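Each of the next two complexes has chain A plus one more chain, namely chain B in the first and chain C in the second.
Presenting the complex of A and B:
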């Protein structure tokens, strides 16, 4: 799933490295020198600052403002207070899109994290051709979700698709993966998981590699092997990284749109019509910008809650 | 037997991971019309027909050019502006530095889709719909890039810049002759990520490029899927779309995977 502008992901922010404070009083620069430095600093941030002011801070405030208006394509608008939000609570389509998004997240997150963890564990133990396999598993991640959706749409096809051809050989099927209300979300989640698991895999692999060797060796000496070592030694130590990965994938899942737009157009009968899909249609099909902005604010709040939960969990763990 | 389990598992997972790419290429080269399976697996009948059909039927070359412009111009400008800002945030004292930096970072918490509407209203009022600047300029405000640059430049010793200053070099000269050479490896890594972000981007190009001439390749591919284009031609189009990603990946795989583990950059 693509999230932010040009794939920039909404991600919990890591802690930045501290910048050294002012130098000791002995070599404190003179006042004109400090003024020169301040001017240079401001000039160097100026282009980015201008871009952020116009295209980030502006729209963020604008979103809250627009959601309180009935702004339309013509540019005419009236201030209507909380009307959009009242309408939201009454809107069956909103609730069903929220349900679809939540259900999709429930399918996608365990699938992706399971795949990432499984492949990370395999790679961690591999000695032979590890770099090669890491590269192969990471490959889908550098492609676009639209490409993944286009390929998988054909793989899932009822008449002509690869999966149904395989099922046919076993005299099973045909199964209408994308046309069945119960199968459509897991099928799309599988496509997104295939496309996206490489990122979390690398994060988890780095986490595994930072576990001190002595710890796992001690566990082996104590007789913990295989599954028990994984369950009682490796996974508990990996917990902070696992939480990070879980939350970041959940945030991404809640913004799902691209795959549904290409694979099902929200169907069948809105069984894959997500929150962002509703936002997109409200804005760019019905040009109801005020109401669409209110939907955007709901999305923001959900993502915010996810991030706060993560702060909590990781904070407690460390 | 137990010793073989790991390599066999790795090999099977690799096979499943690659399978969708393999079938994409096979269907793209299969003879058009009729059932694609199992005909697609008969390599003796491979043909370029689907490629020439999709190239002549749709605006693919124009879309590819748009994608290239969108990605490359963004790479150059983001690298320039974010390294300048990162240098100032890391090495210059000026009023409001901390507040600004943190407010840049805070924008990471706001999903792009949540502000898509005001974003579009703003750019369309400025006359940016169906233009290259409307497509590119709003995406240049990239907080991950600024963050990465500041982190890296903060770790460089101050003496490097002080020496140049004592020699009487201007601030701009220090940036171009001292800072830029020192951060070239990070610039390269970030450049690859920015390229992939933009090449694979979908929602923003979809809403801002409303005519066929302004579509990028990903948007074009999605519209092909929506029209009644035969599957062989769609897969040929998909193959063309993925080539630059594969090229970047093939050349810089190790670089990319290492930098995710150390910086957490998310393509």
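Presenting the complex of A and C:
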């Protein structure tokens, strides 16, 4: 990633030995030079490291500590060990919100990845107005989720929403997209997918463009067409990027909150009450910061597991 | 700091600090000449609001040379989150606008102090209900500067369409009107069942109308799941199932525009404000707006609260802050604020001169105004009850089951308080 880590990795074998494989850089820097380079690298990343330590790492440690206390608004607190975690295991709200979050992830991830893969494939092929469409598809990503949620709330409206008007023309409905416990998660997932697929689309598009042309050309010469070429050539070569996108989107899905807050306020009957929503309520409505920190840490562990899986998968493909 | 003894020390320290302040005789810390005030958009028009408070700053400083006051405008949204965080980190304002249901929680955390001194000698000039709502253990914790009230608002055009000549004023009349209005293609009673909508404008008024209460007498148990609560939720659920409450109720918040009232999809609201009535005049035409008395069943009651100014217990300028509180309760300010905001006077000897078309009707509703039951967990409780009301509306639970489930959670919450 940086000169620093590259230097570390080669440190045990400082002298270049002739090995078969990728050619080494023509003039490898000498050891002091490398050290200087490492120092320079460290200096370059220092501001970011500092920001990360102060605003990410520090608060994380702080939250981990808070989760072992019963810290409340009044500022007084006791060290209560794992009590918050014990309470968490017995809290049906925690389990139901975890279930909602998992279910939402199951709706959201395939939808987003499917949408971004589809658009990326189309854009990859398109020669005409590619930049324009790329911009258009990316546009929702840079709009505010609150704005998107408000607009989609109107679209889903059971009385006079756009979707129900369309269904009405086909003499179907009205469908209560946000008021029905079975429909609310797919509906919110669709909104979030619409809003967020542009990011993954760009990554997948970059992945597609990095697939060597010779490979696809060879497949064409061998007589592979359309679907078969996609299935047996493009997708396997795209796999690392695809995994990356899957994991990133899954992590995002686990942190869902804003869309639910704006569109349904967690309803109907907590059918869209996610883990982060519970965390928000616990912290900022109930002022029960210790317990909220414990919830946050559980979420952190879930995301961590996903990240480790991602590392393993990507690492293997390298 | 790291041991449990902190728990005991904090209240003791606060007590000591409070008695010290009291002993100082109003000199209150004397750390600064500044007074910071957190104000909210009590005047809905942002420009009028900021102009009004800028003028107040000037007038106050003229009347009390040597004390500077800064009125900081805060949004209503996430009001408690912000205030609680500010108090918790010691950065709270000297003076803050409080509603009665907020007082107990900040009192419990030791964030606010008594304000009796600011209204010495004029206490008997205030509406007794307003003072009671802001008083705990014989001490007043916010001086009322205005009073709100809600009442029924009817869309005459829709009632006419259904052939209803007399606006429904009781539950029975609402139930009787529902089928006729349904035939006319509209819903009867507006309701917001979103988890983020305040119950003060939705379920609680119905509960109070049925003669029920949210908390038990000692405030330690839930009481909303009694027969009165079940009657209220059954009334609501039956209407919802019959299509007499808008189907969007589950996601609606109490907003007029872009919601069923504004879109003329529902014939009446039971928690409408003067501002709603003014919007209705513009949206429906003056000839279609009827403002009624509060809805009634066993009791006739609507939500209405005094807005009061509270005092930071750790203020570095208690004396200056008290001067500001006294200044804001003088008749001239009560009148000017009432006129600008459309709210009513919390004083019995002052009426707000108003040329707003419906001000008189709202004034008539004031005797029925009820501010709710004070509790440190009043706001938190709402987020436990709201999803259960949704469960009843969607038919997943019976009204009794839903309220019992909410009550179990509420008792758990009350038991966890310390």
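Descriptive notes on the structure:
By definition in this document, the second predicted complex is superposed on the first by the 261 of 318 C-alpha atoms of A that agree within 3 Å, B and C clash if a C-alpha of one lies under 4 Å from a C-alpha of the other, contacts with A are read in each partner's own complex, and residues count from 1 in each chain.
The criterion applied here is as follows: a contact is a pair of C-beta atoms (placed from the backbone, for glycine too) under 8 Å apart; a residue touches a chain by one contact, two chains touch by 3 or more.
Bear in mind the structure is a predicted one, so any value in this text is a computation, not a measurement.
Touch criterion met: A:160 reaches chain B and chain C at once. Of the two partner chains placed by superposition, A:232 touches none, neither chain B nor chain C. When the two complexes are superposed, the chain touching more residues of chain A, out of chain B and chain C, is B.
When the two complexes are overlaid on their common chain A, residue A:95 makes contact with neither chain B nor chain C. Touch criterion met: A:284 reaches chain B and chain C at once. Shared-chain residue A:78: touches chain C; no touch with chain B. Of the two partner chains placed by superposition, only chain C is touched by A:269; chain B is not.
The interface of chain A with chain B overlaps its interface with chain C at residues 75, 153, 157, 160, 261, 265, 284. Those residues of chain A that touch chain C in the shared complex are 72-79, 153, 157-160, 176, 178-179, 181, 261, 263-270, 273, 281, 284-287. Only residues 2-11, 13-14, 16-20, 22, 34, 37-45, 47-49, 51-52, 54-60, 62-63, 65-66, 71, 75, 118-119, 122-123, 125-126, 128-129, 131, 133-155, 157, 160, 162, 165, 194, 199, 202-203, 205-206, 248, 251, 255, 257-258, 261-262, 265, 276, 279-280, 283-284, 289, 292-293, 296-297, 299-300, 303-304, 307 of chain A touch chain B when the two sit together in their complex.
Within the complex, the chain C residues that touch chain A are 2-4, 6-7, 10, 78, 80-81, 84, 87-88, 108-110, 193-197, 246-248, 250-251, 253, 260, 263, 265, 379-380, 383, 386-388, 390-391, 393-394, 396, 413.
Within the complex formed with chain A, the chain B residues making contact are 6-7, 9-10, 13-14, 17-18, 20-21, 23-24, 27, 35-38, 74, 80-82, 84-85, 87-95, 97, 100-101, 103-105, 107-122, 125, 137-144, 146-147, 150-151, 154-155, 158, 171, 175, 194, 196-204, 207, 218-219, 221-222, 225-226, 231, 234-235, 238, 241-242, 245-246, 248-249, 253-254, 256-257, 260-262, 264, 266-267.
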